Amino acid sequence: MYNFRTDLADERHDIYKKTNKLENIPGIETTEKIIDDKLKVNTVKIINNEGERAIGKPIGTYITIDVKNLKIATDEEIEKAANTVKDELKIIINNHCNPEDEILVVGLGNQFVTPDALGPKVVSELEITRHFLKYTPQYVVEGTRSVCAVAPGVLGTTGIETSEIIKGIVDNIKPKMLIVIDSLASKSIERISSTVQISDTGIVPGGGVGNAREELSINTIGIPVIAIGVPMVVESAVLVNDCLDIFIEKLQEEANSNDYLNRLKEKDNYEEIKESLNPAGFNMIVTPKEIDDLIENMKDVVASAINLSVW
Amino acid sequence: MYNFRTDLADERHDIYKKTNKLENIPGIETTEKIIDDKLKVNTVKIINNEGERAIGKPIGTYITIDVKNLKIATDEEIEKAANTVKDELKIIINNHCNPEDEILVVGLGNQFVTPDALGPKVVSELEITRHFLKYTPQYVVEGTRSVCAVAPGVLGTTGIETSEIIKGIVDNIKPKMLIVIDSLASKSIERISSTVQISDTGIVPGGGVGNAREELSINTIGIPVIAIGVPMVVESAVLVNDCLDIFIEKLQEEANSNDYLNRLKEKDNYEEIKESLNPAGFNMIVTPKEIDDLIENMKDVVASAINLSVW
Amino acid sequence: MYNFRTDLADERHDIYKKTNKLENIPGIETTEKIIDDKLKVNTVKIINNEGERAIGKPIGTYITIDVKNLKIATDEEIEKAANTVKDELKIIINNHCNPEDEILVVGLGNQFVTPDALGPKVVSELEITRHFLKYTPQYVVEGTRSVCAVAPGVLGTTGIETSEIIKGIVDNIKPKMLIVIDSLASKSIERISSTVQISDTGIVPGGGVGNAREELSINTIGIPVIAIGVPMVVESAVLVNDCLDIFIEKLQEEANSNDYLNRLKEKDNYEEIKESLNPAGFNMIVTPKEIDDLIENMKDVVASAINLSVW
Amino acid sequence: MYNFRTDLADERHDIYKKTNKLENIPGIETTEKIIDDKLKVNTVKIINNEGERAIGKPIGTYITIDVKNLKIATDEEIEKAANTVKDELKIIINNHCNPEDEILVVGLGNQFVTPDALGPKVVSELEITRHFLKYTPQYVVEGTRSVCAVAPGVLGTTGIETSEIIKGIVDNIKPKMLIVIDSLASKSIERISSTVQISDTGIVPGGGVGNAREELSINTIGIPVIAIGVPMVVESAVLVNDCLDIFIEKLQEEANSNDYLNRLKEKDNYEEIKESLNPAGFNMIVTPKEIDDLIENMKDVVASAINLSVW
């Protein structure tokens, strides 16, 4: 399989089409919605094994919401983005559970590593109701859904696989749905903490950059798992590979055509770039300087979207 | 049973002796060790049901380590305190499990509430080995014990009883011992974040001030539970009750004897003080202004003691 | 002078009246406004030296806004409290400078000590305009006031008196008004982080509990200094003294009158309580367990009030 | 002048030599010290105007200490790095002031932006003595130097130029030397938070990437200014430019020589890369994913080096 270097179905779809010079990929349906000049929603539906094989993601729905300039967004823009995410999330939730079903939200990531802290930060902003429904139901508005949440930490600080912790909790409290907030790798630096991918397939390691983790999905946990993923980092080699294409394009506009450049651009140079950068210590995982502000705003978008959509 | 208003076995022992004008309590054995002018170790052993009934704590060993002036302790003093806690903790651990047994450390409390954050802070300083032993045993020194740790959050932020989370994790990963770090109520403001109580009876709610929680002990979890508790808060009414005694003593030294004062001092006025303060909104739970520095140093003491004692 | 143990003019006024059995204090005018069942505004105007001597505060206006249950306030209640503070603050600002005058806001306190962190936290939420007006005035709405802000730290961490830092900055950038956010001592634990005192006299040490600091006022800085003070801590001895009165009242309701108790209640026992608690190590400065949440909400109230009132 | 894209004199020296195919640059003297396989010290002395013009840095001494793998350094390695920085810093301090001269340390940067927080973090770890010497000299060891420190914030959050704040404080408290901790831009991602540059020329904007700031030097402040700079970020275009060279080298090893590639590698493509990346939104400032851990360790190195060298 092609090394996509991105966890976004939307980006993989584009890469596959471009690499294979296709207009459409059999087994995949896509739609695009423009909300306004700062908000865009793309949906990639993988409907059969052919689509699954093409872009290396399980059958299911992948919704990508892009928010432009989130770092300097106003309160109104954040609210609008949250509402857009909420609209999409609500549909996916309602497709997979009933309104009265208990939901457990899991905020993955390490709160002490800035670009990995989104999950725990979102969890601390959620409106938790399970304990009120259990101990003081008389004070809770009728029809309130039971919501609980954990931020289980990461293997490096707990010594325990996240999936082991989650399975233990799910077995014990038996929620009907899991919503998992996760950090993704993207190939586009401008998408860092500015794009949300919602999928109904859980978290299935394998395709993208990053440490292998155990799958969190209906297959392993036994209940539907909705994943809310946000790109947080990009690998230097990916960045350079993409920049190289842009740069060569510019060179070609200026200079006469150069065969070598043409060939260089036509093929994917990622592996060779990585091989050349690794020994020099240059192939680090990077994040934008503004990551603190980006995450602060993205946390508001995701937490607010979840709070609004579970009703 | 007497309302002890303290989770420290040592304080309960003193209160019971004083209230009942006893020199010794049947069923309880105590020892005292003075390490130096800043460090003192008291041990209360409850050896039968009579002792258990007297001070309302289960049969077992309760070790209290007092550290004076922890807030302004030097690095050497912190290290010395950590070593004293380590010595006591190591004996208790070795009494209840084998050197190769896996230990799960649980840091209770809410990291966003300063006087409740000790548990999560200690967890983030622990030397975790379980994942190295599991995935890269070739790089681990032989004889290293498997240690893992979680900070599961509190009911108010997760919606889930801590005991439900811990039971789930224990069932799934099957450690041989639990070490639980917990905040206690004490009746002495000078003991806040300056005293460590180690016990081999787990955490059993009921006696002290505080929200009822589900028991974490060998009875409920199935493995030995060592509790490391540190007093963090004191109730205004407890503070006033104790201060009243001290104040009346002073009045009596100055004035001629006054019958009313004598009677006031002889009996325990806590309930009446509480009743008089509650309507005025005065009966708050308080913590010293210096709690941040106190916890920072206590975190170093407890984390270092655990890291040293699990070897 | 009487030891008032509080920096709130309102509390001092009450104590002086009670101690001297007066209905009114010559030289002091007071008004009270009830906004709703959760919001109350008291104004104490000290109009001459007689008033100044009585309660040990300089001639000027002291406005106290009490917010009930701020810890669990909703967003709407916080906004309402902020608006009330804004209304009062705006009048005081407009009394002492022109709409176009530059204002420097100073957040006093130590951000690493929870009950002392309000000032720095407020500063980080302010809408700063001075640099936009200076470097990119074309993008700034006409009539925007120049606002700048610093959180200079505390003597213990900088080694420099705050007044030395502030004088240096004021001499160099020459603002027309100073707004100083400060932590106060109060004698009422239920007022901790729930009461705002606005005064037009600056910060003048001397009367209350706390470390002596150098005066920050028009006399020392050369420009009007508005102080926004919030009680954050209370001394154990003050707490016990107040609780003692409440407790004795209750005892007297129950028992027949006791001369000794009557005399005890009539006089102020603070100094004797302090003397008896100090050697026992009991006279600590305390703050409510919920101080983190209280400060989080109070920060929103004060920051929003300043942002709204400088327009 | 050449656009060096780095604030490190050492890197500029290399670039200038390479670009101009020189063995030595007139007006510049360099030495290299290898401490061990993880620690290296380079010194660049600019001795006259010719050297100054060549690399665009004022006459003075620039010492670069490289620490390998700082992110995963042990306590011993951090201490060794701190000692190396201390040795170099102490010489520079002693060259420019007397042992009894008061030093003001200024931690530049924004504590709320992870890759910009080194300065404020270092300040909070310094041993401050000025207030003890002023108020309680009887408790201070004889010969203790007066040290004070501020973290003045950044223009974006205060609205005030840092130089305005510093000048105000220096005018008011009159220290004899300024040590300024600053974030730098480097062209090497592996140097991020792993390299310390000490210079005796203060902070003089102009050469590197970054916002123009007002000079902090003996010329503007009137006392010697020692700058401790640490690279924290790198621009995408710089990263791509450097990676391109490495990549082309690799291509050339594999393929037959290609004239176009040769020419591409020979010239500096930075400006063209920047022009091509900017419209695509790709030219962001990035920092490694591990920046939190890197800064935590670098803070220990720098704070400890300052604490040890001012004695």
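By written order: A, B, C and D. Residues from 1 in each chain.
By our rule, a residue touches a chain if its C-beta (ideal position, glycine included) is under 8 Å from a C-beta of that chain, and two chains touch if they have at least 3 such contacts.
Since the structure is predicted, the reported quantities are computational estimates derived from the model, not experimental observations.
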item	value
Touch-network distance, chain B to chain D, counted in steps	2
Classification of the chain B:chain C interface as same or different, half of numbers criterion	same
Cα superposition angle of chain A on its copy chain C, in degrees to the nearest 5	180
Intercentroid distance (Cα basis), chain C paired with chain A, Å	46
Chain centre separation (chain B, chain C; CA means) in Å	36
CA centroid of chain A to CA centroid of chain B, Å	42
Chain B residues counted as touching two or more neighbouring chains	112
Chain pairs that touch, as defined at the top of this document	A-B, A-D, B-C, C-D
Of all residues in chain A, those that touch chain B in their complex	112, 123-124, 128-131, 146-153, 155-160, 164-165, 167-173
In the complex, chain C residues that touch chain B	112-116, 189-190, 233, 236-237, 239-240, 242-244, 246-247, 249-251, 255, 258, 260-261, 264, 269, 272-273, 275-277, 280-282, 284-293
